[in-house]
Amino acid sequence: MPVVDNDKAAAPATETTNAAPASNGEFRPKILAFCCNWCTYAGADLAGLNRMNYPADVRLLRVPCSGRINPQFVIEALNKGCDGVLVCGCHPGDCHYVTGNYYTRRRMLVFKRLLEYAGLEPERFQVRWISGAEAGKFRDTVTQVCEEIRALGPIDVCEEVAK
Amino acid sequence: MSRIGVFVCYCGSNIAGTVDVEAVADVARTLPNVVYVETNKYTCSDPGQASIKAAIEEHNIDRVVMGTCSPRMHELTWRKLLSETKVNPYMLEVANLREQVSWVHKDKAEGTAKAIDLIKMAVAKVDRNSALYSVEIPITDRALVIGGGIAGMQAALDIADAGHPVTLVERKPSIGGKMPQLDKTFPTMDCSACICTPKMSEVGNHPLIDVRSYSEVESVSGYVGNFEVTIREKAKYINYDSCTGCGMCETKCPTKVDNEYDLGMSKRKAIYKMFAQAVPSKPVIDAEHCRMLTEGKCGVCEKVCPTHSINYKDEDKLTTETYGAVVLATGYELIDWGKLYGEYGGGSYPDVITGLHFERIVNASGPFEGHIRRPSDQKEPKSVVIVKCVGSRDPNKGVSYCSRACCMYGAKHAHQYLDKVPDGKCYVFYMDVRTPGKGYDEFYMRTKNDGAEYLRGRVSKIYKEGDHYVCLGEDTLSGRQVSVNADMVVLETGMVPAPGSRETAMMCGVQCDLDGWVTEAHPKLRPVETNSAGVYLCGTCQGPKDIPDTVAQAGAAASKVIGLLNKPHIESNPQISHVDESLCCGDGACVDICPYGAIKLIEKEFRENSRKVKRTVANVNQGLCQGCGACTAACRSGAMDLLGFTNEGIMKEVDALCQW
Amino acid sequence: MRDGDVAPRMRIRSSRDLTGSVEKIVEKGVIVQADDLSKIKDSDREAIAELAQRAGVNLKDCYQCGKCSAGCPMGEFMDLLPRQVIRDLQLGFLEDVLNAKTPWICAGCNVCSCRCPQEIDVATLMQEVRRTSKATGHQPYPEADKFDDIFIGNVRKFGTSHEVGLAMKFNMSSGHLFQDVGNSTKMLKHGMLKKGRNIEHIDEVQKLMDRALKESEEK
Amino acid sequence: MTKYAYFPGCSAHSTGISQTISVDYIAPRLDIELTEIPDWSCCGTSAVKLTNMDMALALPARSLAISERELPGQDVFAPCAGCFQSLKTSAEFSKESDENLAKIKRMIDMPYEASVDVVNVLDVLNTDEAKEALKANMKYRLQGIKVACYYGCALVRPEKICDPDSVENPQVMENLVKIIGGDPIDWPFKVECCGASNHITIPEAGKKLSKNIIENAVDNGADIIVTACPLCWMNLDMREDEINKKFGTNFDIPVYYITELLGAALGGNATEIGLDRHFRPAEGLLTKLVDKDAPLPETEEEKKARLRKEAAAKKAAEKKAAKAAEVAEGADADADGAADAAPATADKKDEVKA
């Protein structure tokens, strides 16, 4: 079991192993998307079935409900050098578990304020509601978020950690 | 030291098209604790699965990562596969290399890079997985249906016909609900009682249906498969075992009371059967009015009863039983317009009546043997005004929603009136005409051709002038103020939830919306389930609807119940919340956040440095927990964790991603 | 308006208004052509939005059930029924509404407001239309306008309203010279025509009224 | 003794004079003390409201502010329904928020805390104290006079401001009338509009509205109409002749203020309670009064009860007779006797017990 190596994590994306885009030197962010299994994750699958295209910079992490997402996960990701984090859940009111995403909405709203207060660019942490049917919305959201974060450039982890 | 096996799938060219599968496999081999990596053209095929089994045996693998299509597609397949090996089915992670990589990215290099990350994340997580075992929750093969209207009866029949015992609880002395009170049903105009009463007797005679009339549900506890339900049977003062329902008592009873069944337009006795075809076809004594029970004199019924079934000393009985499933069918009530509409006389005018009154009036077994007469003086009304949306679509005085059936029964009343009083005039005031349904709009057009005058507008005031009633309205289509002199006014009042239905729903852990209608699990995809497993709903307790919709929904609810009761037990989902009692501070944040009431605080004794201490800790009910994990994020002390999606596991996933 | 005659319809209320002779149509001032909704000015829409906002009414709430107009005691004397005023506001026909007599005929009995299923305060909306119509120099119903002006003049002068003076002055200006004169003898006998009382600090009232006018202008 | 700051209103000494007089007469007899608000000014009423809302809110506020200063802690009593509506609207507006209060103060430019409440005639008369005092001090009853209690608009609407017991069918006046032995009728036009100031601007319309009200009251069997608003009173009482002329009707129904009615019951003579200032002969009321302690006429229930008793007695007598006959005739009665034995015995039992 490898111990997490902060320096390595803090290193810019272009240095990473077998990250193909490195060749053209253009910055490719790494974006982690926490997705509710019942809506956004399904939406992503649907985007696949429809052979839609979106940037490959985003990685989905499946959770049973957006209410499961603990802010610590997000902090961890940003600290360890993720350039952006996306939290996706069902539309408020449509939660598969009745009320989960209401808590997410409240929790993440406060948390986002905190991060921005700590100096994080708003684009780096976003919360979106995407249903299992909204493949198009998923593609558009991901594309947009990726572009925003590419524009921002790599996250300065040390600064983050310092804060 | 875990031993992880990674299996990457080509999925023909589906994955291999944009992902260099072998490159992925090579990286996988370098990952910690990975002892075996295999690629396969079609992993889900039988040979594919066979080689996985073999590999597990050969390399003594104890956890598995599948680099294949979406877990939503095949996770269950893999679990099943593993259940046939020594690997625990929950020692599994799926990297979604198809729907979320190969199908959405064109650049092979990018695709491969992403695939590798996903494999890394999966490996990191599975390394932290622990074996999970679902417990078997036994299911009591008996269903409880609350409410004996057409919805409840239909559900009960369907469940019982499938061979499962049913208890049908009805608070009135007879089952049947509102439907037998109606005269005809739109748009086919077949006699309501004629199609309803056979169902009633079918229910009454069904060997598997236990009808508990004049009874109410007192309390519900437990969870899916095992609901502990207490039912209160109100005192009937009659021994139903011996009573033959001969009716002698009813004919001889000297006390006359307003008959609720005819909405006070006729009289009944103090010992009475609700109506001729009542089921059970036996009377009850109305304790409020019986002279024997109130004044202690009379006793006629006791004297005349040939089977000596009268028992003035009878009392409420409480019985508790276990049920596997519960169906809510508590139905509706008509909105109490009198309190709300002073401008319509506030209920003081005898001839300003509701649609249900009209149903009784026009009904052959009603107060006027089916001749259309108005209550005040039994005269035949020569002009009738029908007002729709009374109480409905009126946030100011009533409710904001549309009651859905009124447009049709309004048209029906107009049609019936014009049919029985050919020389009569009929005016219908409406806001909009909503007739979505088979043959509904045709019926509406027919009614207009029968001569019903449709006026688009709300009536502002109804007042008595001489022996007729003046209705002031506007015909908004012509922009004219109009007034109509009516002999009788029929208010098509909206539906509201039956009194007590919210309380009943709450007992079963089901929420109601602001209007008091029971909320379904999903408005489109789970219309007859509720958010507490094992509790289903049908009919108007969920919202206003007409008879066809109600019956259809009842059948649907029944099929869900049958599906549940057919199993001897259900496998609980082991991916549920788990409390680390050593960390739990017992502040109950999780209790408040849990949408299923699955978490309770309990007093528990612990040994802490060789001393016994009592502490309050959270406790998760395996039957109720659905595994959403809301409690884990709410837990301040970090004692709550979600098995299958543990804090550590997710953290490791995150870390893994961050090292590419 | 004299006894007997009723406010003429301004715009087509229904096809029925078109029946009858061409003269009738012309005399009714009905223009027989479709209203081009695409020609409605944004400025009008904004003005209507502000008007509604001042009246605390959300025009979208109205689903045109007509309960307000059904119960309106003055309805038969109006050129547009209250519901139609709201409809025109919904559609953006500002001018038609500001030129309508309806808000000036409204007796302010509030029946519409207390019966509206959507809790729209129709009466207040009518008042707001009337105020706006006056403020924007429309005067669709001179009599009512005169009455108000005289009344306010009265208050400004004495701090109270002298009903008698009021009535007489109104009769003069409106030309209904002998309206209610029949009653005045009795009034006299009953000591109803005593000269009204003037208040002590009339200046306070006058200043107050000026400040109020200023307040409204600033808005 | 309940104290009120008294806001007579502009009509107090012209068209509303009868109400003013009768209020002055009954107040002391109902333990009510009225102190006129010094230098009160016009409430603005509809004319101002329809021209400038700010002015309509500020004008009444002046009088309210004075009352607050000079007569602290006393509710403001406005006998004129119109004044009541304007005053209360203004008061409620100021209470709503600090901004509103600030705005009002800007305009009236005097200290004002918006602490005063505004009440109308019915509020004042409907207190337990007042009703007790009325029962105690009344000398006469209105025997069998059918009364149409007419509320009009300003006492009940807008509901939020006036907050009546019921906006469509209020009962306050009815209850007062019942106390003094009157017989209030149930009629649907009690909250219809009398035409208000439209009587001046559109006489056509005004007359029609007043006619509808009088007509409906008459049709429902009213002997008199009772109101609590000077404007309503004028539009009904003063214009009855015009209405008869215009519509060819021949209404002849007196219109009173509720305060006049109570005044009469409390023993006031025509001049003391302002009956001599009506447009239609109104003194007739006094002749219809009976002494407070005169025997009450038989109520419907009592009548029914009496008839029932008589009927029962008659039946019993017949039964006796029949029995006698039976005894005489002997055996052949048994057959039909047995048929309804059960209920018969039951009935007998009851009689015995009773």
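In order of appearance the chains are A, B, C and D, and numbering begins at 1 in each one.
Simple rule for what comes next: a contact is a pair of C-beta atoms (placed from the backbone, for glycine too) under 8 Å apart; a residue touches a chain by one contact, two chains touch by 3 or more.
The structure presented is a predicted model; accordingly, all values stated were derived computationally and were not measured.
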Centre-most chain [mean C-alpha coordinates] | B
Could you quickly compare B-D and A-B and let me know which has more C-beta contacts?
-> A-B
Using mean CA coordinates as chain centres, what's the chain A-chain D distance in Å?
-> 71
How many angstrom between the C-alpha centroids of chain C and chain A?
-> 60
Whole-Å distance, C-alpha centre of chain B to that of chain D, is 51
Just give me the whole-number Å value for how far the CA centre of chain A lies from that of chain B.
-> 37
Among chain C residues, those touching two or more other chains are 111
Sequence positions of chain D contacting 2 or more other chains | 167
Multi-chain touching residues of chain B, meaning two or more other chains, are 343, 461
What graph shape do the protein chains here make by touch: line, ring, star, complete or other?
-> other
Using the touch rule from the top of the page, what pairs of chains touch, sorted by label?
-> A-B, B-C, B-D, C-D
For the complex, which residues does chain D have touching chain C?
-> 10-11, 13-15, 17, 39-42, 44-55, 58-59, 62, 103, 106-110, 153, 157-159, 167, 191-193, 195-198, 200-205, 209, 212, 238, 241-242, 246, 276-279
Parts of chain C lying in touch with chain D, wherever the complex brings them together = 1-6, 73-74, 77, 105, 107-111, 113-114, 121, 123, 127, 130-131, 134, 141, 143-144, 147-149, 151-152, 155, 159-164, 167, 170, 176, 179-180, 182-183, 186-187, 190-194, 196-197, 199-201, 204-205, 207-209, 211-213, 215-216
In their shared complex, chain C is touched by residues of chain B numbered 343, 389, 393-398, 431, 456-461, 472-482
Sort out for me which residues of chain B touch chain A in the complex.
-> 23, 27, 32-33, 70-73, 96, 98-101, 103-107, 109-114, 116-118, 121, 127, 511, 531, 575, 593, 595-596, 626-630, 632-634, 642, 645, 647, 650-651, 653-655, 657-660
What part of chain A is in contact with chain B in the complex they form?
-> 1-2, 4-5, 8-9, 13, 16-21, 23, 30, 32, 37, 41-42, 44-45, 47-49, 51-54, 56, 59-65, 67-73, 76-77, 80-82, 96-100, 103, 107, 139
